[in-house]
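Two complexes are shown next, each including chain A; its partner changes from chain B in the first to chain C in the second.
And then the complex of A and B:
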């Protein structure tokens, strides 16, 4: 069995580690690129959102490299993502790629449902081994998220342009390379040393921007035109409302790991504005907006793929949050037609707005 | 005479202004970009130079518009700013106390909300470009009327027809339908203006609080039919400032004045750059899977700028101090 899975930011580091730990062969699709998108657009339905097209592209590219089994997350509720795995499987079948499909869905009753699916991949390895593998993958996700958070802090403060990104790539590489728990522990330390070694100007005034929205476009830099990097270069320290490990903990482990930010907190904060689940991360988006506003962030950027229903619901609610907390919100909608120049213009103007607003506020306080 | 240059290099048109030290616009040039921004900037500067009195000194230069980075390296800009900031800055100077700016240009339309002289919110058309200057341009061409006459004819209308304005393609189909039904040209044009205003307010203005003074600018503000349609829909007077069509360039000049005041000297290369030879070349970088398309600009045999890469491998190489 040669397993493949779609890309979503740094997800591959964690999943690959898990499968390797179990001795399962992995075919990693090349990182999402223009080619991936072109393939996905060609074979995917036009009105599907960009994540489907990129996933499809990933699978076809992995197939070309000899993968025969797809492992993918599923979902439930109003967001269409829930049936994407099936649709993609059907499209692949139509194209003549004979792939086995394993969908990892949030367990309805008990975590054992998830374990049964994992069993299909792992064969006869002991449960203990499986749990260790999941734990290993999860620890990698934690390490990757930690590095990402460090990069968010360093990027707007770096003294030499591009040094934060260089360090970030080197640190990720270290985490990716670790093949045992001990090695991961050591590499994680080394990686953080690399991140902390970047020369920064601690006194530089930076803006704080919260990024909220749909998970795939939040996590996948190819899909969001490296939004975090662009904001970092413009002098904004960003924080993302969802990190990979938090999502895994919430949706696959049902909150088993304590001490991580959870969706419950975000949904709770959404309460006066949006009191029920609207699919996807719509409720979390609204709640995170409230949380960031309360934490004194300067601005918010909402990002989602074109036609994403849960986020459209959130988008129509955000002006209320924006007005109540006096925090500007910029909404960016991504699909295969998004021109980067227009995106950069909007981001620049938004950062200008935040800067002038901050100056004005500070002058007023004095 | 001393002063500042502002360039707004847009998708359809390029605007250049010369503003003297007192903030008065001395010269303004409005020309079509015709897909050749570099040649257009050079031609525009040549023309400007011939119009200005001899011995004029340029103390600073700023660029804006979608071609701002390109124009910036060509002229040696002191400031390169996005068009939203530039428009807001220009409007606050020319129309003191402005609270709402409606801006419709060739490719983009935007709304800028100012409160206490500071931009407090803005929006640009997302996803589609229905209801921008290019569409009006195209319809005028289809009907064989000069685009400048568009508004005048629309004003003759007594009962505008209702046109489906959600999308440029639908609007055109509906216009043709109304035309085949025998509606008069003024009524159709006025109807189109109203449709574009509705489309603008629901897609770009989306629930924003539009308070007077309201300023309407950008090339489309020349269209009196559009001005009338906005006033009718908003119920407040809509002002079209002088230089409404070169506001971005005015803003760029103002920002250049600020930038030069901060750092003292200008990087302007002089009007002689109109005779330099600029070449651009592009290649696909194979450094990683992003396969970015990198563009390099060559000035008389020396590469002066590169961009397009996501990682900064090309764009940050050998670049001196970052332009503000």
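And then the complex of A and C:
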């Protein structure tokens, strides 16, 4: 069995670690690229959202490399993502790719439902080993998130342009290489040292921008044209409303690990703007917007794929948050036609606006 | 059904006017660009009501069947609307049967409380409204289109319209709020009829048939309307009398992008003529008519060919 899975940001680091820990062979699709998207657009339904198209491209590229089993997450609506796997499977079958599909649905009643599915992948390995593997994968996700957060802080303050990204890539590489829990702990420390070793100007004035929106376009740098990097380069320290480990904890472990920011807090903050969940991360988007505004952020960027239903609801409601808290919101919609140059221009204009606003506010206070 | 309910409680019911370009334009002005045509239309209808009523009944349709949803935009509609200025208060009770089918009376009571203190009165009004709903569903299954069934219910017409002359049957698959709004669908049903096609839709089938057909999917669909469309489409694809299928989707509709794909795949596999029409505020009427005409021509040729003429 040669297992593959779709890309979503740095997700592959922890998934790969989990499968390797169990001795399952993994075929890692090449990072999402123009080619991936072109394949997906060609075979996917025209009005499906972009993540589906990229997933499909990932699978076809992985199949070309010899993968025969797809592992994918599921869902129970009302967001389209819950039916992705089935549609993609039907499309792959129609194209003549014969692949086995294992969908990890969020457990409805008990975490055991998830474990049974994992069993199908892992075969006869002991439960203890499986749980260890999941723990290992989760620890990697945590480590990766830590590095990302550090990168968000360093990027706008780096003294030499590009040094933060170099350190970031080196740190990720270290985490990716770790093959045991002990090694991971050691490498995590080393990675943080690398991140902290980047020369920065602590006194530089930076803007704080919260990035909110749909999880796939938030996490996948190809899908959002490396939004965080662009903003960092423009001198904005960013924070993201969703990190991989938080999502895994909320949705797959049902909040088993304590001490992480949870979706409940974000959803609570969404009242009274959005009083009911709307699927996907719509309510989290609105709630995080309120939280960022309360925390004194200078601006918000919402990003989602074209035709994403929950985020459209959030988009309709965000002007209310923006007006009440006096915080500018920029909405970016991604699809296969999004051009990078246009995006950069809009970001530059937005950052200029935030700077002007901040200067004005500070002058006013004095 | 809701009309009966509120009238039984002594309220005067005003329903927004039939869709027009003016109503749509009002909606376009206030909704964000990305929402689909039916939501823009809903915005327009709600703004149309503003100033004429004391309350707007806009329930949050979370779920109308166990373990199913409608669609995210329905879930968020009251919150999207609330942002607008100058609207009367909304009666936005949550209709949520996701966990239990019997949860319906809760929101009904909540809505009824505004008009009367007595639970018994609310219950009786609700029972009466359910009866009307049942009668309506019965009329639909006799082959009437919703507008015709409503007309009979409200005693506007005494007898069903005379049957049209038709030589072929076409299944029309799409969300009811697109198909039966004659402005949104550009009067598609009437148009098809006048071109000599008998039109069948999902609403004509009993719910059991639809669910049975939809259950052959590898995973249960979690959209009630999507499931209805899929089930009806699969049913009509296998029915001998149906010679073509038209799928009507709103531009940017999430569920349609998935169900449409599934239906199209199945239709292609079975060799059924299939036309996909996407509607939005820019859709031109002439273009739609041309496509319908061409489609019916094609279906007729195909029929003649298989008949060996």
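We adopt the following convention: the second predicted complex is superposed on the first by the 366 of 366 C-alpha atoms of A that agree within 3 Å, B and C clash if a C-alpha of one lies under 4 Å from a C-alpha of the other, contacts with A are read in each partner's own complex, and residues count from 1 in each chain.
The definition used in the following text is that a contact is a pair of C-beta atoms (placed from the backbone, for glycine too) under 8 Å apart; a residue touches a chain by one contact, two chains touch by 3 or more.
Just so it is clear, the model here is predicted, and its values are computed rather than measured.
Q: Looking at the superposed three-chain arrangement on chain A, would you call chain B and chain C a clash or a fit?
A: fit
Q: So, does A:90 touch the first partner chain B, the second partner chain C, both, or neither?
A: The second partner, chain C, only.
Q: Calculate the angle at chain A, using C-alpha centres, between the directions toward chain B and chain C; round to the nearest 10 degrees.
A: 80
Q: Examine A:253 and indicate which partner it touches, taking first as chain B and second as chain C; both and neither are also allowed.
A: neither
Q: Check the contacts made with chain A and report whether chain B or chain C touches more of its residues.
A: More residues of chain A are touched by C.
Q: Given the touch rule stated above, what does A:79 touch, chain B (first), chain C (second), both, or neither?
A: Second partner only, chain C.
Q: Now for A:333: first (chain B), second (chain C), both, or neither, which partner does it touch?
A: both
Q: What is the contact status of A:341 with respect to chain B (first) and chain C (second): first, second, both, or neither?
A: A:341 sits against chain B, while chain C stays out of touch.
Q: Go through the superposed model and pick first if A:319 touches only chain B, second if only chain C, both, or neither.
A: Touch status of A:319: both partners.
Q: Kindly classify A:274 by the partners it touches after superposition: chain B alone (first), chain C alone (second), both, or neither?
A: second
Q: Based on the superposed arrangement, let me know which partner A:165 touches: chain B (first), chain C (second), both, or neither?
A: After superposition on chain A, A:165 lies in contact with chain B alone.
Q: How far apart, in whole Å, are the nearest Cα atoms of chain B and chain C in the superposition?
A: Nearest C-alpha pair, chain B versus chain C: 5 Å apart.
Q: Overlap of the chain B and chain C footprints on chain A, residue-wise?
A: 306, 319, 333
Q: Could you list, by residue number, the parts of chain C that touch chain A in their complex?
A: Residues of chain C touching chain A: 31-32, 34-35, 60, 62, 67-73, 75-76, 78-80, 83, 94, 217-219, 221-223, 249, 251-258, 260-262, 265, 278.
Q: Of all residues in chain B, which touch chain A in the complex?
A: Residues 66, 81-85, 108, 116, 118-122, 124, 126-127, 207, 288-291, 310-313, 316, 319, 322.
Q: Any idea which chain A residues touch chain B in the complex?
A: 30-35, 161-162, 165, 222, 226, 229, 306, 319, 328, 331-333, 335, 337, 341-342, 345-346, 348-350, 352-353, 356-357, 360
Q: Can you list the residues on chain A that touch chain C in the complex?
A: The touching residues are 45-49, 74, 76-80, 82-83, 85-87, 89-91, 94, 103, 273-280, 282, 306-310, 312-317, 319-320, 333.
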